[in-house]
Structure formats: C-alpha cells, structure tokens
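Next, two complexes with subunit A in common: one pairs it with subunit B, the other with subunit C.
Right, the complex of A and B next:
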C-alpha cells in the first residue's frame, strides 16, 4: 500500500524534472501533500459515514480550573482539553461523541454509556426550561470554547475521565511515520498529486527568461512574464465525487 | 379497550425508531430530553382526546369545604363523600354539581344564584330554606359541589365526612416523569414525535429546508388522515368497547331468559 513517502517522493521527482534547479525540499513537498490530504479529508469525511478518520481518545481527564484566566479558563466549571486539533465543521460535528461509562458491570464499551449532547453557552438557558432537558448526570451536555470542552450537568458528581471520538486532521509531522500506511484511501492520490503539482507549477511560475534553458538569447517574447491560463471561475474540480470512479480504480 | 401495565413500553423503544428516522443517534438535531418531551406531549394530547386514563383519588376533607383539584385531573367523572378511609367506606354519598355555587371554605354560608334565601326573586323561585341549610331532618343530606379556579367547593353537609373520593380522567404522564406508553398508542406517539420534530426542523430554515418541508407534509398526513391516520387509529382503539363488555351489554338489552 502506498505511503506518504511514496506519494511525496513521486511528486518531488516530477517537480524536479520540471524544474531541475528549483530549490524544493522533500519536506516542503510532504507539507504540500499533507495540506491537500487534509483538504480532501475535510470534504470527504463530511460526505461519507466512515470510521476511516475517527480517532478515539480514552481516559481524557475531566478537570477544574483553580483560578479564572481570560480568555476561556473559568473556575469551577468542569472541562476537558481537546487532545488534538480537529476540523472546524458546522456545529462542532468533528466531535463525534463524548461519553462516560455508567454501567455497573462493564461488559459494554465506554461509548455505549451516557452520551453527552452538544449545546452552546448562548443557547443552554433553554435547556433549563424543560424538565426533560435539564442538564444532569444522566443528561449531560458539552460546549466547545476554543480548545476546551466544558460540561453541563456534571456539577454534582465526580467524573475523572471521559472518552471522546474525534475526526482528526492528517498531521504527518507529529502523528505518523512517513513509512506508515496512514494513507489507506488510495482514491485521493489522484487529487492530491494533481493539486500538489499544480501548486508547484504555480509557485515556480517565473518569467521565461529566467528559466534554465541553457541559452543566452533574450528575446522580447521570452522576457514576457508567463501568464496563467485563463479558465472559467465556475470550473471547479470536485474534491470527492462518490459517483465518479477514480482513474486508478 | 383495556391495556395491561405489563405491556407499557419505554420511551427508549420509541426513541430507537425516531433516532433512526432522523439519523440523529448523536443528538445533533435535538436533545434526548426534547424527544422524550414530545412523547409526553403526545400522551397528554391523546389523554385529552380520548378520556383514556381514569384515576381515583381519595382526599381527606378535614373540615375544609374548598379542596384543590388533584393534579392531572381535567375531566371529573364521579365525586363521593364517605366516612372512614379507602379501606373502610361507610355512609357513602354521591355529590352532585350545583351551578355557580361558591363558598369560602371556612365557616358557614355560600353564594349561588339559586339559593334558599331567594325571596321574590324575579327569575329564581323561592325554596324551602330547610332543604338547603340542612336543618330539615328529611333533607339533611344535600351534597353538592362546584369547581372554581381549580378548587372543588363542597356544600356544608360534606364537612361531616372524612373523605372525598374524586374519580377523574387524568393526563397519562405527569410533566417531568418518564412516560410509560401503552402499546396501543405506540405508533401514534412515534408519529407525533416525528411530526413535531420535523416542524421544528422546517422552521430552522437551514440548507435542508426543502427536505424537512416535504417530509413534514408526508408525515403530517400519515398522522392526521381521518380514520386511517395513526392518531385516529389510536383514538378508535382507546374508545373501542371490549368484546366482553359489548356482549354483556347485548345481554342486558336483550331478553336474557328467552
């Protein structure tokens, strides 16, 4: 299975062939690749119901701030810190679930326990108007403030930790080895490679008289700055279309 | 139709279907409490529509002539006064409704358009006062009541009794309690919940507005179609006479010895 190193290496080679004296490092290509991998995953993970991008974090501690510290750190409010960066989707949907175990016998996994529901500081007042929705240990809520997840309904009980399921971005520099088979979704290679090459070409778009063509002849035509091909603004390449088979398939 | 308490279903069973319908297992559209609140409201409405639930409540009179209506009561069926408690019922009397009767609950006296003090009233006739104030030995037992602003106003004669028994139609589930749903109302409660949630989603006007709008139309139709809709079906089931009662009624109305 292709790895990030293989994909990046292929693109790096292509770019070097196109412009052999360009100073493009392998790390830079890896960064570009991760950039487009994330863009692809950001779109695709919203369109498909897949566990491919789900990361489960267990034993995330629930804490209390000792003192107020602006912004976002409020004393006496239970919170957990997001363990990793997540996509910023509408309604914080990158947080797939937050649970704590409420079973006396622990035959079932933690995520089948009590599920936290999402609220926001500005809308949570309504919850207290219905006896069925009042925050309680059996009916807990969370709201996100920056990198913190605050909880409503846990005020009267002690919970040491929770489990969180998150849709996480692809981070090649901290999360995975270049040789890992992290990039299992082969169907994105075509999009990523094309996008990185396009980006590379754009970056290296130089006046033609500065190209290394091994001649000293300067003409008026050569000295003109290369212009980008004009395309329709409506022509947008879809990132992910489940109905269209990838050329690699 | 009757139902067994053993056949009550929990909100979770309906919730499982409703969450599947909305694909909202993560509670991003509504909170769990909101769904259960809709179920409670459905039961409440079906109780009001069908007089389905009958409740009996014994209340100690304790010398009071004004007694608050029991919680959940919306339709009085029977009222009695008796001596003793629920285990030993003695001196039972029906209590009848008297129009515009009102007492302050303590002491003696009352007001009512039709009363024993009427004399030469142009519309209401004169009555023998002994009948009303209980001084006549024959008519000493005039037991009547009226309901004003959530209080049952009892006549003076009732104060001599220990207990007031009120039989009434109640709301199926008290607000805030977890509803237990009779199995014959299952589909109606589920449909009610779906329709009300779709109504809220439609009102949000988000990018799926047209989806919610079309679904709302469809599901509202399924809920409210006369005779065939789930709501009407539930009402018919609730109001249908049991076969046993029906057959006995036929016997009563026919010549049994023939």
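Right, the complex of A and C next:
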C-alpha cells in the first residue's frame, strides 16, 4: 500500500519532469502534501464519526502557574498544556475527551473515569447556579485558552495528570515514521496529488527566459510568460463528500 | 584512454610524414598534445556550464575518495595525499558508508579534514547540493534551503556544501598553514566521513609512451587538433563559429 514517501516521491518526480531546473526539494513536496492532507482530513473528520485520526495522550501533567504572565498564564488555576497542535473546529471539537481516573485500582481504562465537560470563561458562571451542573471533582469542566486547557472543579483536589483524546493534524515533520507508514485514507490521493501538482505548476509559472536552457540566445518567443491551462475557475477540486458515491461503489 | 604514441602515428599519417624527421616529439608533438589537452579542458568547461554534458561523461578522469571531516565540518583536497589535481567536484556524499581493510589506521586529528586512502566508498543515502557563499546563510533562516538543519527527520534534510574557500587566519590554522582551501558541509557533520566524486585534472604527457586520460572517442578530434597545431592551417572562418563547430563536434562524440 502507498506511503507518504511514495506519494511525495511521485509528485516530486512529476514536478521535476515539468521543469528539471526547478529547485524543489523533497521536503518541500512533503510540506505541500501535508497541508493538502490536512485540508482533506479537516473536512472529512468533521463529517465522519471515526477514530481514524484520534490520538490519545496519557499522563499529561496538571500544573499551576506560580505567577501571572500575560497573556494566558493565570496564577493558581489548574491547567494542562495541549501536547500537540489540533484542528480548530467549532466548539473545540478536536478535543474529543479529557478524563482522569477516579478509581483506586486501575482495572479500568482512564477514559472510563471522570470525564471533563467543555465550557468557556464567558459562559461558566451559569454552571454555578445549578446544583446539577456546578463544577466539582466528579463533574469537572475545561476551557481552552490558546494552547492551555484550564480546569474548573479541581480546585479542592490534587490530581497529577489527565488523559486527552485529540484529533490531531497530519505532521510528518515531527513524526518521521509517517514517511513510511502506510496511509489509511488512500481515497484522498487523487485529490492531494492533483492539488500539489496544480500548486507546483503555479509556483513554477515563470517567464521561460528565466529558465536555464543552456543557451545565450534570447528570442521574443522566449520572453513570453508561460500560462497555466485553466481547467475550471468555478469549481474547486472536490474534498471529501460522504453523499457522493465513490466510483467503486 | 588515448595513447600518445597513437596520436603521433596518426598525425604523421595525416601529414604524410611517416618515417620523416621533420616533426620532433619534444619540439612539436609534446607541446601540441598538451595544448590540445588544455583546449579540451576549456571546451569541456564550457559544455559543463551549458549543461550540455555532465562530468560523469569523462569516465577516465572520474574518481571517488573518502575524507574525514574536521570539527568545523570541512575538508581540504590535498593534492599530495590524493596524488591527483582537482578539476571539478562531481558530487559529495555525506554520511558515507565505506569498506576498509583490517588494521587500517584511524584518523584521530579532529582539527582538519583528511583524505583517507584506506577507506573505500560503498554507499550513501545523501548527496550534498552545492550552494554559493551567499546561499549558505539561507540555510539558517529557511528550513527548505539546502543545508538547513531544522527538520528532525534526516530523510527530509538536504545537505549542502560550500565550494573551496581558504579560511586561514590568525585564529584558524588547523594544520600549520599547510592545508589548502576547504570545502564545508552544512548542516555540520563534524568528524564524520564523506565521499567525494571528482574530476581530476588531466596530467601533461611527458613521454611518448604516456597515456592521455580522455575517452577513446576523442581520438579523431585530438588528432585533428594536434595536426592543426603542428602544421595544418585552420579554415578561414570566424573564430566564434569555429569554436561553436568544435563544441558541437565534441558533444556528438560524447553522446
């Protein structure tokens, strides 16, 4: 099955065939591929209830800031730092769950313990008006401030760490294994390859007299700007759409 | 490789001077052959610059050796150690793997890069890209520039080398001033092994039994040029057109 290295290598070779003097590194192609993969996943993961892109981070420390420091660092409020970047969806949906284990013996997985609910600084006051919603160790809340997750309801207990489930972006630059891991969602290859090649063509859209063709002679024809063939100006390359049957179905 | 003797024999035939003492090795042939060699070097330089030929086409002059980098990630091409003069760098392979014989000496001096004749290159995953002295600075700010060390994944790194520069000064004199200009690898690979494929500069012929390290396909061109230098007047035409014609002939011979 295909890997990111295969996909990027194929695109790199195609771009080099279009312009062999172009100085495009393999890392650049991987970078371009990664942001189209992320665009695809950003769309798909909102529409599909799947654990394909879920990443679980355990033993994330819960800490306290010793001093105030603007912005975002507030003293005496329990917080954890997001371990990685996440997609910025509505209502922080990229944070699938936050839990801590309330069991004395560890027979059960951490995420079956106490689950945190989401709130925001501007709406949390209402929670304290309802006995069923008031933040407490058994009913804790979290709110996101930049890369920090602050907690409500843990003020009177000590917990050292939490477990977080996050929908994480595709990042081959910090996880080198991704280069050679088989990619699960091969249905996106056509979209990614076409998008990167389009981008590559756009990047290389230079007047041909700036290309090194090993000749000193410049003709009027050489100085014309190369034009990209426009397939359609109205329709974007389609992303994931669950309502459209794939050709195989 | 072309035998000097063969050139002499064929030029004599061309000049219809077989058995004659009219043309002398020391006075005529040796200077003409060496001048032809220099002329060919100039022609090749032009073709390399124009991307019409690659250095690999000169198989007889292509060598690959191993160097251990200094703690500044540099090495010098020491003609005495290598036994050849450098014409052009074809490729530099960082993190080179090699074979060696048992009991081979381990180079311990870390202050300057050295040629290691006891190690032979086998393979490397990497090839360094040549950058200019100006472009080197890009590596520190642009992760996609050759030579940048920003990426954690080694497979995404593009190694680069800065061509020979003399870094000597009052505070940098790693080998008592004896080493020459050095190549620098970026990102730094201090005290690691690199392999370099290079073109050696063709040696002058001294004796008629010497060989000229150019492809056999060059023989006819070589004979014509030597004959021109000795006795035959060139066609009356514009020098630029004549040179272009010779360049095209050279490309045809090599392809």
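What we mean here is this: the second predicted complex is superposed on the first by the 210 of 249 C-alpha atoms of A that agree within 3 Å, B and C clash if a C-alpha of one lies under 4 Å from a C-alpha of the other, contacts with A are read in each partner's own complex, and residues count from 1 in each chain.
The rule we apply is simple: a residue touches a chain if its C-beta (ideal position, glycine included) is under 8 Å from a C-beta of that chain, and two chains touch if they have at least 3 such contacts.
These figures come from a predicted structure and were not determined experimentally.
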Is A:26 contacted by the first partner subunit B, the second partner subunit C, both or neither?
second
Figure out whether A:97 sits in contact with subunit B (first) or subunit C (second), or with both, or with neither.
first
On the A-aligned overlay, A:77 touches which partner chain: subunit B = first, subunit C = second, or both, or neither?
neither
Of the two partner chains, subunit B (first) and subunit C (second), which one does A:39 touch, if any: first, second, both, or neither?
neither
Contacts on subunit A seen with subunit B and repeated with subunit C across the two complexes:
none
Residues of subunit C touching subunit A in their complex?
50-52, 143-144, 146, 151-158
Under the definition above, what is the set of subunit B residues touching subunit A in their complex?
26-28, 31-34, 36-37, 40, 175-176
What does subunit A use to touch subunit B in their complex?
91, 93, 96-97, 115, 117-119, 127, 130-134, 139, 141
Which residues, counting only subunit A, touch subunit C once they are in their complex?
5, 25-28, 30-31, 172-174, 176, 179, 212, 214-215
